[in-house]
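One chain, chain A, appears in both complexes that follow, with chain B as partner in the first and chain C in the second.
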Partner chain A sequence: MGIRFKNVTHEYPSYSKKTYKAIQGINLNIGTDDEYIALIGHTGSGKSTLAKHMNALIFPTLGEVEIFGNNIKSKRDKNINYNNIRKRVGLVFQFPEYQLFEETVEKDIMFGPMNFKKSEEEAKKLALEAIHLVGLDETYLKRNPFNLSGGEKKRVSIAGILAIDPEILVLDEPTSGLDPEGKQTLMDLFSDIHKKTGKSIIIITHDMDLVYRYFKRVVVMKDGRISFDGTPDELFKSDIIEENHLDLPNTIKVLSYIKDKFNLDINIYQKIAEEAVQEINRVMEYE
Partner chain B sequence: MNSIIIGQYIPGKGFFYKLDPRTKILSILFLMISVFLLENITQLAIAIGIAIIILIIGKISILKVLKGLKPIFVLLIFTFIFQVALNSEGAILSSALLHFNIFSVLTSIVIFIIWRLLLQIGKFKILLFFIFVLALYFNFRYLSIGQEFYSFRLTIYEKGVEMSIFVVLRLLIIITLTTILTLTTKPTDLTQGMESLMHPLKKIGFNSEDFALIISISLRYIPTIFDEAQKIMAAQASRGADFSEGKLKDKMKQIISLLVPMFIIAFIRSEELADAMESRNFVPGEKRTRINILRFSMIDVYSAVFITLCFIGTILLRVMT
Partner chain C sequence: MNIIEVKNVSFAYNEEKQGLKDVNFSIDKGEWIAILGHNGSGKSTLAKSLVGLLEPQQGEIYIDSVKLTEETAFNLRKKVGIVFQNPDNQFVGVTVKDDIAFGMENLCVPRETMLERIDFFAEKVGMKEYLDKQPSNLSGGQKQRVAIAGILAMRSDILIFDEATSMLDPYTKNDLISYMKLLNKEGFTVIMITHDVNEAILADRIMIMNHGTISAFDKTETILKQKELFIKSHLELPMALKIANEVKNNKIRNSLWEYVLKM
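For the complex of A and B:
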């Protein structure tokens, strides 16, 4: 089950040429168990378009997307309840704070579950669980969402999607606009959720440090096609990085420089700063 | 969805694109008054002839103008029918008794269903509509079987047909004139033209500059607001807000989930824009210079002369007949 892209192409109508191919020939499988995928690519490579197919917000022009057994094709199928798909695949857009609209945080988080026909009591329970899941306490529930700080708003809006309890979670650049500490807090949150619930999580990001540090699987997009699907280590050890206009994580870059400059036998593939420092110390002890 | 083009400005070359917007606005105004001064179909026909010649000189695609008329096609049909039905002067052209009985009503429903089914083909929609109307007419005219519960005499008078053609033609000319205006003038130029023309109103306290600024800013943000509405709808749809189905109460909630964020973003943006403008020393009410100054050229003079002649001509026609 899960999500399967079968030779998917999506064209947007445009003025200059007849249509613009945002993604083409996409073949991709996403399971429901334990996946933790980073979706990366240069600007305009089609990441957001790909993400929008995952919860049937948009349909493929060619090919089909199979989501939990439902075959999504370019024509609308009366037998498929597209809204139900959004209950199983939760999509969080960039700057989700802008979707807040209710009088209290609790009501806003309850919006999702109640749209999917949960009763008010059930929705309240789900809201309570969700607010804890994002690291905030119950006192937030009765507050006005517009009186929260930017970071708190972000968490509340993510809670809004978590309360729906989707099996697959897709997030489009959730850490954009945050400082390094904010980024880490949020990414630790997602790792936490992933470990606690075992849900599959797909995150679109530009941040190579995050990719290296947190993810098991990386899908790279270039000009609308998938150019790599594998582990971050495989990715950074190959030449694909340059071909795809991507950057290396800072740890690798710094260690590479030190390795070349001082001619040391360093293993440059360290995921976080602390490990990099340990590696440098280890090598220095030999010298 | 593509961004909406207000008034459907399409860039191009030619005579109309080179005119000062003020000339165009005033010309269209006087031409519209002239058209309303005309009294019979012959005069209107001459006016249309002149209009077509001008369109050809100005290298405006008549096709594009006709496309712009599509939305009000239904309005034209209704106007025509209204005039024909209500006017009762002159010689009788046709008098038909329409029979409303169980059979004719049933067959009319069948005709309706057939029409809707045929529409699924997608083509010939207008033609199918006319066939539908004709079919209904023959149906009620000739199917007089059984107990009649209502009968209606549909009389078409000569004057009725004449008036309806007249009214429809006049409507066509007016709409063509305004289409030419919006087709060949950028919204910002149009605003600038109106601002300049309304400048004298400053004396009675109406500041045309502020008014024009409000319009320009609104126009500029229409595509932006449209994109944002799409984003918010996508976000709320991902939370299960199905904008197409649901009871009334649910639909209200969904609309609110779209409107509240839009308003908030609009207010945030207004404040930011105001700050940005003030940082660049914008003070409302103070005199400002422009980067694009509207200038008249010889083309404007020729046009003004031509329009004035047309206007005087129609007044004379009216006075002398």
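For the complex of A and C:
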């Protein structure tokens, strides 16, 4: 069993006397392998707070989070090795590029592995592997991270987490701010890692095209609670979308427009442009 | 009338990193411009140059016919409001309210007006119930909304959004865009730097940047018709056009174009 939320509530302090519940009454199971989960929802619905519980970065105010057999409660427990939890569950924040601090990309990627007691030599090897994994070549290793573009910095910081080789990866909006090519490279990279290693991956995103195309499971947050947990197909065919102020994938939007306008008997549930084209061409042959 | 004029502007961060290479263009007052380009193409460098945060090593920038220099930058900044991608870079206040007020305080907006505007713009971005909260406890998307409210409250003639909606959920984004359209109708000039082509197509004109230069700057429809330009610039066409470019049936192709252009 990987991560299990048991009736978890988290409150933040506030200047007005009332505390503010970022998440409440959360029950959620995440397996150690073969999970590929999109976590979606309105801004401020509690997605990032939920993610920060997944490696015990913050503790629940109420309830508990079980992470690889460790029960995380509201108070720090001396018997729990938190460092080990953070090695097993890697968390990549929004704007990870702002956490780069070393003078070379290589040193920055080596920081994680060395922190987890790898030798310098091993860490160097891991840095080389990781930089390739994120689609950059080794010339980047000697460069100063501050001279990289936003997208490149983002990839370097993700390489830093990959170098630690966590069993579960949690990424908070890893593709925001990336150009379409960078976005696709990263998404392909995550599904590649998932397919090759079976590692569970949880990604926070607002991009419904990505959710439909890449993920096996979607968890929707609304006002600090889970309002849906199922497959993308179930989600986009349900009323949840409208109720939660979410958007539909562009393929579905475009195909519904065509379907209504020409009154066609067309299957609008296509994940990518190529499939949509095939479906249109197939239907139009008989028109 | 030109509200922005950029003449032969070049900027290099250092030997390793070139930002802009001989960039020339002008923007009319009241235009809605989108800037598209791959990561590292120079979009943000351009934005920072337009508000005087970076000083080009070559060339000149005119805002409302006044040359941007160290001396004029302070006054010109009142005309140009910018929201960056990462709102953490522009948070200064202890509460959301202070934060929205900050820009206006610098402009010496009277207190009464300021309080009205704080309420109005917090409401506009859906953050009214958070006015007394600490910005640091907000989510990324909420911080973006507060940063946007702060800039809108300054009522600058030119609004630059540098990937400033990247963390907004689609619903909030649509709301904000409709409001921006209203502002644009009132005469505000809008510059949207974005990777979201669906956002870019709302513009009157689209600028495409590539390795520090402008590859194209033309009417939105004209730009969208250049499939090769998109491929060459590592950009993506809107879904409906990706489909339109491949379907065999003419009627469907035409209506997909209509769909995109009326968005």
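As a working rule, the second predicted complex is superposed on the first by the 286 of 287 C-alpha atoms of A that agree within 3 Å, B and C clash if a C-alpha of one lies under 4 Å from a C-alpha of the other, contacts with A are read in each partner's own complex, and residues count from 1 in each chain.
Simple rule for what comes next: a residue touches a chain if its C-beta (ideal position, glycine included) is under 8 Å from a C-beta of that chain, and two chains touch if they have at least 3 such contacts.
These numbers were taken from a predicted model, which means no experiment stands behind them.
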Superposition on chain A - do chain B and chain C clash or fit: clash
First, second, both or neither for A:M284, with chain B first and chain C second: second
First, second, both or neither for A:G112, with chain B first and chain C second: first
First, second, both or neither for A:G90, with chain B first and chain C second: first
Greater chain A contact set [chain C / chain B]: C
Partner chain(s) touched by A:Y98 [first = chain B, second = chain C, both, neither]: both
Touching partner for A:I164 - first (chain B), second (chain C), both, neither: first
Which of chain B and chain C A:L57 touches, first, second, both or neither: first
Contacts of A:I258 with chain B and chain C, given as first, second, both or neither: second
Which superposed partner A:I193 touches (first chain B, second chain C, both, neither): neither
Clash-bearing segment of chain B, relative to chain C, as chosen among 133-141, 277-285, 295-303 or 313-321: 277-285
Touching both chain C and chain B, counted on chain A across the two superposed complexes: 13, 15, 98
Contact set on chain A toward chain C in their complex: 12-16, 20, 41-44, 47-49, 94-95, 98, 143-144, 147-152, 172-173, 176-183, 206, 208-209, 245-247, 250-251, 253-254, 257-258, 261-262, 273-274, 276-277, 280-281, 284, 287
Chain C residues touching chain A - in the complex, by the definition given at the top: 13-14, 16-17, 37-40, 44, 85-86, 88, 95, 132-134, 137-142, 144-145, 163, 166-172, 195, 197-198, 234-236, 238-240, 242-243, 246-249, 251-252, 255-256, 259
Chain B residues within the chain A interface of the complex: 2, 231-232, 234-242, 245, 250, 253, 256-257, 260-261, 264-265
Interfacial residue positions of chain A with respect to chain B in the complex: 13, 15, 52, 55, 57, 83, 86-87, 90-93, 96, 98-101, 111-112, 115-116, 146, 160-161, 164
